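Dropping the structures in below, format is C-alpha cells.
Across the two complexes that follow, subunit A remains constant while its partner is subunit B and subsequently subunit C.
This part shows the complex of A and B:
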C-alpha cells in the first residue's frame, strides 16, 4: 500500500521535472522537416534530357498500381513514338507506395519529396497530365529511353541505339 | 456592504469564476503540454490564449440538438444544475477579510451541500440521455459520489474541531499561527482525493472515462449543453481549490502582499497541482476506486478524526 503510494508520488515528481525539458514537437509550417530525395510523395511525370516526354504509355504503372488510381490512354506520334493521350492520377486514392515508379521502364513516373496536397474539394485531387508533367528529368538526368531501346523510330533504325549490335540477318548464310 | 454592493460583487464573482473556468480550459492544456514535452494550443494569439474564444465560438455555433429518445425537460435541466450548484458554492468562499459574499455560521456545510447537489446533474444527465453508456456513466458517478461524499465531509471535521466553527472566515482566522495543512495533513490528503473525485477529474473521472464509455454521462450532449458540463467541471475544480486554500492553507493569510493576491496565488498553485495529478496518474479500475474509498480512505479519515479529537481534548484539559 505504502509502496504504491510512494510510486504515485515518484510519478508526480518525475512529471514535475519535465517542466524543464524542451518540447519534442516540431512546429511544422514554420519548421519544415527534412525529406530525403527518395521520399515517396507527390507523383510527377518527367521529361528526357532532350525535352521530350519520357512516358511511352505502356500502362505498366496502371497495372502495378495496387489501388488502381492511374488511368491513361496510349497514342502514337508520326515519328513512331508512343505517348499518353491523357494521363490521370487520382490522388485521393493514391497511397504513395511507389510501385508505379518501380514498374516504369522509362523513369517517366517518379515520386517527389512533397506531400502538401490539401484540397477543399475532392475532385481537385484528380491530377491530369498537365498537372503531373514537369520540365526536368527528375532523379535520372541522362536517361533517354529511345536512345537505349531497340525500338525503331524516325531517325533511328534497329541496331542504332547505344551499345546495341546490328540486327542479325536471319536470311543470310554468313556466321 | 450595501445591498447594491453585494449584488455587484456577486455578479463579479460569477463573471470571474466563469471567465476563470474558460481560461482554465486553455491553461490546463498548455500546462499538460509542458509536462508531456509538447506545446498544446499555441497558434491563436499570444501563447494561444485566444483558443478559448475559438472554442467558445465553435460551441456557440453548434447545432443545439436533443435526441428524440431523451427525456427532454430533464435533459435540458441537468447541465444547468451543475453550473448553478457550483456557482452557489462560491458564495461562501472568503476571498479576503472584507471580500466575501456570505458569512454564515454553516458556511462549510453549505459548500458540502452544493457540491453534493452537483451529482444530480451528472446522474440526471446520464439518466435522461436514454443511452446505455450515459446510464453507466451516471451509475458510476452515483456510486462514486456516495462513497467519496462520506469521507469528504468527515475529512473536514478535524478542521472544524480545531476551529470550533463552521464559518469559513473563522476557520481562516484560526490559522494565523499555523496553517491546518500541518496538524491536519491526513485531513488534507483525504480531502484532496475526495475533491478530485467530487469534481470527477482525472484520475477519478470514471463517470466519463472516454476510453470505456465514449463520454460517459454526457455522451448525448453537444454544443452549449456540453459546454455547461465542462464549465461545471472547471468551476468545481476552482471551487475545490478555493476550499483547500481556505481550509488548509490559511486562505488570504500571508505577509507583504494584499490578502486577495495571496488567496489567488494559493488557489492558482493548487489548481496547478490538480493538473499535475491529471498529467501523471492513471485512472484506477472501478472496483479499485470503490475499495480505495471504503477500505482505505474512510478508516484513514476516521483515524484522523479520532487523533484530532483526542489532541483537542488534551490541549483543553
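This part shows the complex of A and C:
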C-alpha cells in the first residue's frame, strides 16, 4: 500500500520536473531543425567534378526502388557517354528509403536533407530530370565514373582511365 | 544411364555425356564460359573445374574440367570441395584481371553470363594491383557493337563465327594476354549470322548496336513469344519492348526449328515496328487527295458502307496471319479472295504446296536438315531466302566429321578433337544456282546454270536414278549428273532443297520428283522447298488452287464485276510493276487498305485503317515446313491501331454476317478457320488457347523485377491505371503469373535464379540442348511421307529447254538479298544501312561485249530500270542477275528477256575499295576451294549453255 503510494508521488514529481525542462518541439517552419548531411530527403541528380552529368542511365536505381517510382531511358551522347534521355521520379510514391542512392554506381543520385516538398496537387510531385539535376557534386566531391570506367569517351581515350595500360598493339610481335 | 557420385550423393546421368552437361541437367550450378550446348566443349576457359576421385579411398582427388570429362559408371566427383571451389574462384579472378569497370554502361549488364558466374563462384576483390590491358574497338557495321576491353578470351565468338557459321572475317589476333577478337581491319561483319555473337558472347564484347543506343535492361523488357516474320522458316523469337517501342529481338529456343541461333534479318529486322511511317488513325480520302482522320466508330461505319455498296473483292497477304486472311476471305467470299501473291508467284507457291502434300519424301524441320548426309540444292540461294536453313546446312556437312568421330569412339561434344580429326572432310553438298551463293565455300561442287537448265539437270538426275541410264547427252552436264547420282545413291538421308527463289516451278517440280525417286529407291529422302514469306504456305493452304490472282482480279474488276477492294497488309506495289498495280487499283471505285504503315498502296486508299503489326497482335502463320506457329502481342497497340482480325471481325459483325455470330475471341477465329479449311485443320494445336493457365496462373510478359511501374506514366497522370488485361491469350501484361516450364509456344523470356543471362535456358529444357520442358512450339500441319497414288517416278511434263537467248537479249534471273529483298525488315534501323541500291550482275564476257565495268550504269529493257552493273564471273552467260526487292528494281520481273545497254548519263557512286585493301582471310573461298581439291565449276558453266542444237 505504502509502496504504491510512493510510486504515485514519484510519478507526479517526475512529471512536474518536466515543466522546467527545455521543450523538444520547435516552432517549425519559423525554426528549421538541424538535419544531418546524410539525411534521406529529396532526391537529386548530381554532376561530376568536371561539371558533366553523373548519371549514366544504368537503371540500377530504378530496379532497386522498392516502390518502382523511378523511370528513365538511356541515350548515348555524341561523345560516347551514356545519359538519361528522361529521368522521372514520382515523389508521391517515393518512400525516401535511399535504396537508389545505395545502388548508384556513379554517385549520381543522392538524397539530400530537404524534406519540404508538400504539394496540393499530386501531379506536382512528379519530378523530371530538370527538376532533379543540380549543378554540384553533392556529398561525394571527387568521384568521376568515366575516369574509372574502361569506356572511351571524347577526352578520355582507351588506356587513360584509372589503372589502365596503354591500348595493346595487336600487330606487335614482341613476346 | 550411369550412376555418378557428386559430393557424396548418387545421381543418374547419361554415360558418355560430359560432366558439365550432366551437372546442368541435374540442376547443379557449375560455372562455365567456353562450353556451349550447340558448339560442344574445348576446355579453354578452365572454369568448370571439379575434383575427381579415383575411388572411395582417394581423399585427395585431382582437378579435372567438367566439360572435358565424360560421365562413367561409378565416377566420384566433388563440386563443392574446397580445392575445386578455390580453383574456380582463382580462374574468375584471373579472367577478370583486365575486365573494365564498365557494368553500368554495358549493354550486357543484368544479363551477363560473366556477372552470373562471378557471383556463382563468390569472387569479389581484385587482388592484383597492376594495370589493366586495354584494346581499341573496331567498327563492325551498323548492327554489332564492339567493346574489346571486356573480353575474357573464352573463344566462343570465333568458334561460333568461324567454325559454326562459316564466317571468315573474325579472328583471334595477337597472342598471350594481348589476344584480340576482331577483323583484320574495321568493316561490316560479313556473315549473315553475325548477330548471334550478341547472344554467344558471355560478356559485353559484342552487343546489339541498335539496342545500345536506345537501351533497356533485360529485367525491364516486356517480352512475348513471337515468330520471326522475315522469311518462311518461322524461327521463334523473343522480342522485348519498353515504353511502347520494340527494343531488341532475342532467340527463343525451339529444338526443331531455330535451336539457339537466328539470322541477322530475323534479329535486326524487326525494327520496322517503331517506324515513323506507322499509321495510328484511320484516314478517309477527300476528293483533293488529303485524308481526314476518323475514330474507330466512324471508320467502322465507313468500312461497313463500303462493303455493302456493290460487290467486294479482297486481296489477302502472305505476311498477315492465317486468321486475318480467313476473315477477309469470309468477308468477300472465297471466289473473290486473292491470296495476295504476285500473279507470277501465286502458281509457284501453290505448286510448292501441292508437291509437299503429295511427296513421299520427308519434309524436314531444321533439326532434321542438320542430319542430312548428302545435300543437293536446286536453284535456291537459301542463305538469302531462308537464311536459317543455310546455317543448318553448314552443320549437316559436318556429319561426316561426326561419323568419323563415332568410329574412333569420340564423343560428339569433343569439338576441337573432331574438327582436328575431320579437317576439311565434309558430307557432299552440291549447289546449282544462277550465280554464286554464300554457301559455296562448304560445297563440294557449285555450278551456275540458267533456271530451266537447273530443272533439266534435276530431271536428268531423277531419270538417271529411276532408269539407271544417263540420258543427258551434253558433256559438261552429263558428268555432273553422274556425280550427283553417285552422291545421292551413296547417302542414307539425302536432302533436296529447292524453292520459289528462281521464279520457276520447273525447278521445284524437278526437286520433288527427284525426292520421290529417291524414296522409291529406299532412301530416307528429304525435300525442302523454300517459299518467300512468313505465311506463304499458310496462304496457299487457305486458298484453292484456282483462287484469282491479281491479274484475274483486275480483269474482273475492269469488266465491272467489283466496286470495292479490300487490301489486307499488303503493299501491292511490291507484287508487280507500277503499271500493273496502277491498272489494278484504278479498276476499283473504292479501296480499303488495312496496313500498319504508310506505303504506296495505303496512299491510294479511299479508306486506310491502321492495322497492328506482329508485335502488337496475335496470329498464326505457317512456315515452309508446314509448321503452324502462333505469335503473341508484345505490347498493346496505341491510338486506333487494331489487329487486322479485330477490324475485320468488327466489320463482319456490323454486316451481321452469319459465319461470325459465334466468334468473339481470337481463338474462335482460329477454330472457325480450322473447321472451314481442311488443310488448316491442325492450326488450333499451334498453341494453347486463352483459357490455358500455367498451374492456375497466367504467364507474365514482364520479369518479376520490372521497374518504374509507378513512374512510367506519371508525366501523363499520377493516377495509375489498372494493369491491361489480355483477354486473347494466356499471357499477362504484367509481372504477375508463373513463367516456369510453360508450353514452348508460350515462353516469353528465360530467367532462373542465379542465371540472369540467356544461359538460363537450360533450366527450361528437359535436358541441356534438348527440347523445352513445356514441349516444342508449333504443330506440323503438313504431313509428309504420304505420296498420292498417282505420283510418277519421273517427269511426264515437257522437258525444260536449254537456255537459248537470241543475240542482244538477256534472261533476268533473280538475285535475292538477305537485307532488302524482304519488304519490312529493310525498313529497320541499322539493318537499312546494309540495304544497297539495286544492281545488275553480268558475267565478264557480257560486260566486255557491252563495254561496261563494275560501277557503270546499265539500262535494262526499254528503260525499265537503269542500274549499277556488277561483274560477277559466276553469273551464267546470257543471264543477268538482278537484285530482288531493292530500290530501283521494281519494274524488273524474273525470267523475262530484256535487252541491256550501257547507260550514258550514269553517275558512278563512290569507287569500290581496290583489291589491295583486301587480304587473304577476307577473300571468299574461291581460290581455297581449288586448293582443297574440290571441284567448283562456277566459271566452267558457260560452256554448258553453248550447245544449241540437240535440245528443246
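Everything that follows uses one rule, which is that the second predicted complex is superposed on the first by the 139 of 175 C-alpha atoms of A that agree within 3 Å, B and C clash if a C-alpha of one lies under 4 Å from a C-alpha of the other, contacts with A are read in each partner's own complex, and residues count from 1 in each chain.
Everything below uses one rule, namely that a contact is a pair of C-beta atoms (placed from the backbone, for glycine too) under 8 Å apart; a residue touches a chain by one contact, two chains touch by 3 or more.
Every value quoted in this text rests on a predicted model; they were computed, and no experiment measured them.
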| item | value |
| --- | --- |
| Contacts of A:71 with subunit B and subunit C, given as first, second, both or neither | second |
| Which of subunit B and subunit C A:32 touches, first, second, both or neither | neither |
| Touching partner for A:7 - first (subunit B), second (subunit C), both, neither | neither |
| First (subunit B), second (subunit C), both or neither touched by A:82 | second |
| Residue contacts on subunit A - larger count, subunit B or subunit C | C |
| Which superposed partner A:62 touches (first subunit B, second subunit C, both, neither) | second |
| Contact set on subunit B toward subunit A in their complex | 33-39, 276-277, 279-281, 296 |
| Touching residues on subunit A, where the partner in the complex is subunit B | 1, 8, 11-12, 14-16, 18-19, 21-25, 27 |
| Residues of subunit C touching subunit A in the complex | 100-105, 109-110, 129-137, 147, 149-150, 173-174, 176, 178, 180, 182, 212-217, 219-220, 242-243, 705-712, 714-715, 717-718 |
| Contact set on subunit A toward subunit C in their complex | 56-60, 62-63, 65, 67-76, 82, 88-90, 92-93, 105-106, 122-123, 125-126, 128, 145, 148-152, 158-159, 161-172, 175 |
